[in-house]
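Structure incoming, see below.
Chain nomenclature is as follows: A, B and C, assigned in order of appearance, with residue numbering initiated at 1 for each chain independently.
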Amino acid sequence: MTQRITVTTPRPGLHEITSEVSAVVRAAGARSGLCTVMIQHTSASLLIQENADPSARHDLERWLDRLVKEGDSLYTHTAEGPDDMPAHIKAALTATTLSIPILDGRLGLGTWQGLYIWEHRRRAGRRKLLVHVMPDSAA
Amino acid sequence: MTQRITVTTPRPGLHEITSEVSAVVRAAGARSGLCTVMIQHTSASLLIQENADPSARHDLERWLDRLVKEGDSLYTHTAEGPDDMPAHIKAALTATTLSIPILDGRLGLGTWQGLYIWEHRRRAGRRKLLVHVMPDSAA
Amino acid sequence: MTQRITVTTPRPGLHEITSEVSAVVRAAGARSGLCTVMIQHTSASLLIQENADPSARHDLERWLDRLVKEGDSLYTHTAEGPDDMPAHIKAALTATTLSIPILDGRLGLGTWQGLYIWEHRRRAGRRKLLVHVMPDSAA
């Protein structure tokens, strides 16, 4: 069963989607199984990261901004704006699909893990995700 | 159901495999489900990236070549050639497995997404992939 | 079917878990299907890498240590020690979940591939993994 969901990302950086994806798992009614999330874009990506201290996410965003600079003279793909080519590179270095086991009807995330969209463009976006739920078959 | 496929990569960089993998999904006859692709090598990797403007892929390749240099004095693993250790690092920074929901009998890629092997070695290679198709069970 | 396993990582770097995960696949009795591994932490990650020459893994570890430095003046998240923020960044650049097809009752790894936990903290840790096994349904 695949559910399409759309998430608004008003600014660059990490946007938690744990509750949106959890709602799809609940609605599917699977007690155990596998949940796969895919982002249908190449200038935003997915990440499982610490959901406790926001400073960890903030440093992560700034570190990647420094590694993948805007205005790099290497870029030839510049027609879509200065943040477009860095966005593709950042997406390539992080995840486009993630698969998370379902236990007791819930995503099997660790205590401090949250599920995030990482928006790499400056412009507010509406990002499309596919959430696939595969229930374990009865033994 | 897992299908083994082999893809020839005549040079380093991104080689689109969307049609090869789509053919496996079609042959499996799954209308909905999950397709998982795995590359059985550690000096080439997988990527979902923009399939429209080739300049984006070109810049991506050059950016990673600059980040992960050949001839780095840090390397001790040099017996297999100057492009081998960079290849392992590039593979570690990108994907070895990807899982894509199947919708209406097709891979659920976004409008501008293509599926690629990223060849990190200079020598022409024959790369082995596993393509697993899991159909959704009838409700 | 999801099995929880715990792995001790006595020091930073790559720790092979191929045999631990293979044991779960064997115990589940699936001849063919899909095995998904997830690490329930954000300061350690997963990797499929070369299992032959240890020098390749050693160089990979050192390369990433140099890219993601301790003591970077950019970091504000420093309360949990100098290796904590680098650990989150390294985890973001590598994998948190991996899905591997099962063939003939075994993980479909390539000849030179091993499955690893990449421990990014200096302190010995006990890392929790989820191993989900989805058997192919009978045709």
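Miscellaneous remarks
The rule we apply is simple: a residue touches a chain if its C-beta (ideal position, glycine included) is under 8 Å from a C-beta of that chain, and two chains touch if they have at least 3 such contacts.
These numbers come from a predicted model, not from an experiment.
Chain-to-chain contact here is organised exhaustively, every possible pair of chains being in touch. Counting every residue number used by either copy at the chain A-chain B contact, under half are found in both chains. If you average the Cα atoms of chain A and of chain B, the two centres end up 19 Å apart. Under the contact definition stated at the top, the residues of chain A that touch 2 or more other chains are 34, 67, 93, 95, 99, 134, 137. Across the interface of their complex, chain B is touched by residues 32-34, 47-50, 53, 55-56, 58-60, 62-64, 66-67, 93-95, 98-103, 108-113, 134, 136-137, 139 of chain C.
Contacts from chain B toward chain C in the complex involve residues 1-2, 34, 36, 38-42, 67-68, 72, 74-77, 79, 84-85, 88-89, 91-93, 95-97, 99, 128, 130, 132, 134-135, 137.
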